[in-house]
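Which chain is which? They are A, B, C, D and E, in the order written, and residues in each are numbered from 1.
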Amino acid sequence: MTNNIQTIILLTIFVPIVGSLTIPLAGLISKRARSFWSVLIALATTASSMLLLPFALKGGELAFRKTLALGLDFIVVADALSVFMAVASSFIGALIVVYSLGYIAHEENQSEYYFIVLLFIGAMMGLVFSANLIFMYLFWEIAAIACWRLIGFYRVRDHVLKADKAFLLTFFGAVAMLLGFILIYAQTGTFDLTAMRGTAIPGIAVLLILLGMFSKSATVPLHTWLPDAGVAPTTVTALLHAAVLVKIGVYAYARIFSYTFQLPEGWQQAIPILVVFSSLLAAAAAAVENDLKRILAYSTVSQIGYIFLGFAVMNPLGVSGSLLFILMHGLAKAGLFLCAGIIIHATHERDIRKLGGLIKTMPWTAVAFIFCSFSVIGIPPFGGFFSKFMVIVATVQSGRIWVAAAALFAAVLTMYYLFKVFSAVFMGEAAPASGHREGTRSMVFVVVTLAVLSLLAGLFVAYPTKLANIAAGEIVRWIQ
Amino acid sequence: MHLFLLIGLLAFSILAILSRDLLKSAISLAVASIFLALVFFRMNAVYAGVFELSVVAGLITVLFITAITLTRGDGDVAESRGHRIVFPLFFLALAVVDLLVMKKLLGQIPAIQGSESGTFSQVLWNQRTFDLVGQVGAISAGVLAVLALFRRDDRHGNAASDGGDTGGRHE
Amino acid sequence: MNNLWILNMGFVALLVGIGLYCLLTMKNTVKLLIGIEIIAKGVTLALVASGYARENLMVAQSLAITVIVVDVAVIATALALIININRHTKSLDVRKLTKLKG
Amino acid sequence: MNPQNLLIPVLLPLLLALFSFLLPRGIKRLREIVSVLGAALFVYVAVSFFGGKETMLTLPWLGHGIDFELRLYQFSQFILLAVSGFTFLIVLYSTVRMAGNPRLREYYGYLFLTAAMSAGAVLANNFVPLVFFWEGLLITLYALITIGGKGSHRTAVKAFLIGGFCDFCMILGIAILWSQTGTLRLSDISVVPQGLTAVSFYLMMIGAVAKAGSMPFHTWIPDAAVDAPVAVMAFIPAALEKLLGIYMLSRICLDIFRLEVNSTPALVLMTLGALTIVLAVFMALIQKDLKKLLSFHAVSQVGYMMLGIGTAIPIGIAGGIFHMINHAMYKSGLFLAAGSVEQQAGTTELKKLGGLARSMPLTALGFIVCAAAISGIWPLNGFVSKEMVFHGSYETGYTIFTIAAWLGAILTFASFLKAGHSVFFGPRGLETAAVKESRSPIYIPILVLAALCVLFGVYNALPLRLFIQPILAGHAAPGEHLDFTAHALAVFNPIALISMGCLLIAFALHVFGFRRGGNKAYLASEPIHRLPVLRTLYDLAEARVFDLYEQGIKGLQAFSRFLFRFVDRPIDAFFEKFVVQIGRAATGALKAVHNGLYANYLAWAIGGLVIIVWAIGALTR
Amino acid sequence: MLFLFIIVPLVLAGLLPLLGKVSKRLLPDLLASAAMLFLLVLAVFSARPLIADGGIIQQAFWFGAPLNIRLLLDGFSLFMLFTISLVSFAVTIYSINYMEHYGAKANYYALLLAMIAGMNGLVLSGDLFTLYVFLEVAAIASYALVAFGRGHDELEASFKYLMLSAVASAFVLLSIAVIFGVTGGVSFGAVAQGLKTLNIKYVVGFCSGLFLAGFGLKAALVPFHSWLPDAHPSAPAPISAMLSGVLIKVSGVYAMTRIFLGVFGLTPALTTVLTVMGIVSIFVGALAALGQNDIKRMLAYSSISQIGYVVLAFGIGTPLGILAGLFHLFNHALFKSLLFLNAGAVEQSTGTRSLDKMGGLAKVMPLTAVTSAIGSLAIAGVPPLNGFWSKLLIIIALVQAKMHVLAALAVLGSVITLWYYLVLQHQAFFGKLNEAWQGVKEAPFWMSAATVLLALLCIVTGLAFPFVIQSWLQPAADVLGKGVGVALNFIGF
């Protein structure tokens, strides 16, 4: 049994990584072969991560290691938290790969694209299952490389500069985090997370590690790369960032701060305030912006604040809320970005002031968009409601009523700007730039699927919650 | 006597530097070498003295003079006259510092007995063989360097690395 | 013995010092090379003086000879360079050699 | 009863909704038939539930105490019945009124979805399912308003944003309450609002009264009256939202919090109610459009209910709740009547209408009865419930509230005199020459509702004993007198007499205005409109200055712009500009010192040597 | 056997000019590459078993007759030999195509071989003075190689290099003279023994200062770095790779480390000075690189910065610090050579080194672009590439040594490193293809082969870092970790 699980975990990590290396080879055969090979790898990854679900649902926890030099051991841990993240991100990743089939079909450098995307998924899997700080950092940076190449995918000078900015900012955060890890190492003598549960760590290490998480998860004050990155690349890439990449920081927070270490009291108080400010600021920025993708990117920043908030308040409800939030936000934000992709594909216009009346020509997209918006805002019966509700309630339970109120105010802003977008893009008079046809069948299919999934996730919320609750139980176990 | 020789060495070195004529400089340098050789003789370092005389005072001076002749006519660079004032000041300061520091620094070193054995050639051939290999290397490297620098131009597409095309660096 | 060594070393320092002075202030490339030579003389003197002081003269002499040989190679290369540079710039002024900067 | 059955009121409309969504657009007749039959079935279910034992259903849901809990008891039975009844009537009405609408499929779908959500919200016994259904109603509301077509989207968004804001307040209130009480089960909670729980009370109150459409969260209703289909107006703001909002408010005030008479929360609630009554009715008075006029009344009447419940005195509470059901009936009736007029005459502008009583007698009858009921004319239901509210508020000792309520009564009647007069009496409007009576599915609901108004008024014992008394039974002090039927229609007591007097004043006002306006009924309210201070205020109100939504959005925009310009952009500039500038400056300086001069380089080296030697010397001990 | 490391390149260097008369290209190419391959194989397979139980002293034989040449081989020198051989092999095969347009290949190879002979000799010597002599051999060859193109830039750079380097040699020699005068010997063992018995901290400190200045100049530590940004870019690309990749490390860092750690013993004062110099170099190099428009000049400044890391790590003096320094030294040899070779490929294809004029070359030179991206990421310390591990170890070592501020600065330095490498990447390879380079072709086979080899090594070293550490670095670090003890063991050979 244990061996089986080990094999599955290793497969989940290395199928996409090794698979990504074969993409250029497959590209030599034919475009079609390459595309389908990519999809196959992505689906295999998803399937293999899903194979771990029964194990995780039973509350299983498994850690094993491969000893390498200097205490830098490769340690893998599978528990509800990692499996939840793995399934959520690999699933959305696979969906993105499928969507890319159509979206990317006419671009250059497709081999590179698939290679990078799969590498990204692999890095994500590796990160999720790693229980060694250094290996977490390693996969973290692989993801950063992937992200860098993807933002600059179109090779336009401006895009490349944005890519550099994103890479540099996240790299800055990441190395700061690394320094934090090393400070911890100097204190404990190990990088092994499983061996360090409940250790109290110094505040400076927390600060450094937070820099990393905040930069990756695009949280104020290290968030500005995400809106910029959202503008530059293909929509799919923007989505990859918004739906998957930014979750890395959040996951690391859960794994490192919630699951493993004991934060100093001051930070326990400060982090919720920081993240809720981030949420508020980003929501405000989204309300001001007029660029469709920038709005969505800022929206991501804003929602990430909630996820952090749930983890930061450190009670079971908040943690499961945040975990659910990761899933729900992934689905809904994916839907929004892909809708934006369809719109931009059809109209070549990103400024919402120049769009309008698209509901007549793109009814399906419009409906999918509003569904996903509902989920992001947190309106029942969509999935986003539960996660947001749980996070906020958990915040109040931890005694931070003002923080919760601020978070709710951010939710009001969310509501405002998403409706602003919807009104501007789909309603009103058809602007000169509009009047285009609905997106291709496959694209519409994917967005509608995501919208419906957002709804179903809300209606059948009990199932993901079960896993999230197990994970939350594990995470906060040592507090009690 | 020893001091006199050292002062002579120093004086001609200074002359070599301050002289406004390159040829005079080179010849002063040669004279300084002779003084150094004499110092070596005074210290019983016969072989070093001979080498100093022949190679430095001889060969290197020849090299210098050759080079000066080859570049003369278009290579007369006027040195600043300020040296007459600056150099004595500098020299004075240097000498003072030297006087103060050297004794202090080296004075504390206890005299130890050397473990000298054998003749010069034994030492050179048996103990410092590796250095000889190095000498061979240095000479061949020098020869190769000169060969490379004075080689006949047989490159294809000569302009590639010459002049302004090597990169748009900012001036 | 020690005193002689210190005296010698004092002159070594002076030689190296004026050599550096030459390198720092002179403009003529050949003159600079002469500065190098003076430093080399100082160093050779230091080696021999050290050997003399420590009754290790034979080794010191072999070291000095090696230094001299190496020095010849360096000087030869340097002069070759100077001649080559002179072909390009028609000058021996080291201050004209400032194309590479920044 | 099998607890599982509690799911039926939720699932049945849901299935109907799904059916409507899935049925292809073209099939109309089948959709209508199934909808009507389904709605009838829904009514049957509600009826069969009525009077049954208290039943609880608990299904595990999210853990952490968040379970899917439903509870059927007297109050919810009653509200459920009302919900189903209105659903049926509206569906019936819609078969004709909405017949030509291109988005019929969605319309029925959302209608039943609304019913399902409402049923769920009514039955929920755990705050999370409650919020789930409660907030879910926003979506259907949004969708139903957009069915109104061009221009309706703005209103829909407005409704959504206001509702969303208030629901978020409620969520915060629930969260605080949960953290204070440790449970989410409604039936387990009973606290006195003080300190944090008082905050929670206010927040939840905002959620409840906003749903009911109280000031200042009402502003979408008049807009929706113009934009949304009239059936939707009759269904949601007029009926369902009142039912749910006041249901919730009563539960908050009765069960969840033990509201003490004249405690601060009670006074806040009453003040809000009184303000709502007066301000909204002032707005209603001057409206020139029938639907808009009705919609302001829909707001105003909420004030009575809030006032009644806010008294925390049994008769007041009973009056508030009774007023809720009454209001739902007559306001629905009025809206439906307005719809009927709109369909036949093509407009609801008072100016263009007139003398329709002859061509549309049944509609006119329904309208008049309902208008009389809302104005509190003896012996209709409105009279009964309003009197109870007057009594209740009077008993609190704060007569000011009673006076406000009376002022509301005056203007209500005045405005309905104006409305009824302009629409159904007087000369025919020029453009409405050939108007016929509507078809039966339209006037039947109106008449049914009018009949119910009469029934509940004349035979008020039925609702009071059957519905309201059991609700209060559990909460009143033992031995307290809960049978209000005795003096329900009593006319000869000071309060009732004053009320009657108010009606007379209203009549006088109308006549005065009618004469002043050159015998044009729609100008009857002009004298009040033109009063010096009021006029300015009215102008400002027309300009939406008092619209908290408009101001709030402006505030949000300003807030956002502030944060964006002064926090977000500077942060970005820090990375984009400042850091880059520093890098440039450093690299520029370094480039400048690497000037290519050999002497310079050598000087560095010698300086470095000196420093190193000095440093080593200094550091060597 | 070890003598082969010196004599093979030296003899070949002597022969090649003669052979060059016979065959202008084929024979020099073949012989030089074969020689390098031979040395590489020798280092990997033959020399390694020799140090199984620590270092050895081997006597050289000349046709069966014993010579009085004693070569010192321990983990550290073997490690350096391996690095030298590896990079020089890559450089040699790269030169096959690259040096075509310079002509005089035989002469070029001869100089290259002389330089390698010098470096090998330096590494294998167990004696301060011999070390100096071979330092000069390598240096003289490198002067000529820098000036090999004989353009104005090359000559100017070479001249400044020579003049500064000569001063550096003088410093070194002066220090040796003093040491010789103090201890009466010049071999490592004798010096270590002599210094151990004498208590003359200030003289040793003074000598350390001179050595530090001298070798610091060779290693291009700030403020002795000024020649490097001129010399390295001006040299032909393979030579730039050789200089930046190996020469500054062998003649600067290796010599310095050998003497300070292995002969003098690291004092706290030296630790402070070395670490501070390291940090200053990191920042000056990185910040100066940031604004460069000449691709090779940027790389040259980057070398200064990276050498700073190496010296910083050695300066810590803890076993982990030494290991990290060695690892970074090796890694830097790999990726800096790679980057210089890439820059050479670009320069050859486009005829320019100006980043402004490039753009989008990834499209026409995919291999070069990919390998260059790998090199850039590796040098910036992005995992899982090799640079990451070494920087990680450096930072761990700093933190363990309680040098938290230095650790933070080192980390910041790596951010700046990434910054300018991203500038390089997006200027040169990323972005839209410049119209002018539409017809540009990928680098020829051997050039690509060399870069791909190095890029693969970057990846492999990163992935298989435990293996690299255990098999190559640990023995070397052990040697240095033991400090003076090792030198004392070799006394009186």
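Heads up, the rule we're going with is that contacts are C-beta pairs under 8 Å (C-beta built on N, C-alpha and C of every residue); 3 or more make two chains touch, one makes a residue touch a chain.
Please read all numbers here as calculations on a predicted model, not as lab measurements.
Contacts with chain A and chain D are shared by E.
More C-beta pairs touch across the B-C interface than across any other pair of chains. Among the chains present, the centre nearest to the common Cα mean is that of A.
Chain A and chain B have Cα centroids lying 68 Å from one another. Chain geometry summary: the mean Cα position of chain B and that of chain C are 4 Å apart. Per-chain Cα centroids separate chain C from chain E by 26 Å.
Per-chain Cα centroids separate chain A from chain E by 43 Å.
Multi-chain contact residues, meaning those touching two or more other chains, occur in chain D at positions 591, 594, 596, 598, 602. Contact with two or more other chains is made by no residue of chain A. Residue numbers of chain E whose C-beta contacts span two or more other chains: 129, 133, 136, 140, 143-144, 147, 150-153, 159-160, 163, 167, 178, 181-182, 184, 202, 206, 229-230, 233-234, 292, 297, 419. Pairs of chains in mutual contact: A-D, A-E, B-C, B-E, C-D, C-E, D-E.
Across the complex, chain E meets chain C through its residues 129, 133, 136, 139-140, 143-144, 147, 150-153, 155-160, 162-163, 166-167, 169-170, 173-174, 176-178, 180-182, 184-186, 229-230, 233-234, 292, 297. Across the complex, chain C meets chain E through its residues 5, 9, 12, 16, 19-20, 23, 29, 32, 36, 39-40, 42-43, 46-47, 49-51, 53-54, 56, 59-60, 63, 66-67, 70, 73-74, 77-78, 81-82, 84-85, 88-89, 97, 99-100, 102.
On chain E, the positions that touch chain B within their shared complex are 6-7, 10, 13-14, 17, 67-71, 100-104, 107-108, 110-111, 114-115, 117-118, 121, 125, 127, 129-130, 133-134, 136-137, 140-141, 143-145, 147-154, 178, 181-184, 194, 198, 200, 202-203, 206, 233-234, 293-297, 347, 351-354, 356-357. Interface residues of chain D facing chain E in the complex, by the touch rule stated above, are 583-584, 586-588, 590-591, 594, 596, 598, 600-602, 604-605, 607-609, 612-613, 615-620.
If you check the complex, the residues on chain D that touch chain C are 591-592, 594-599, 602-603, 606.
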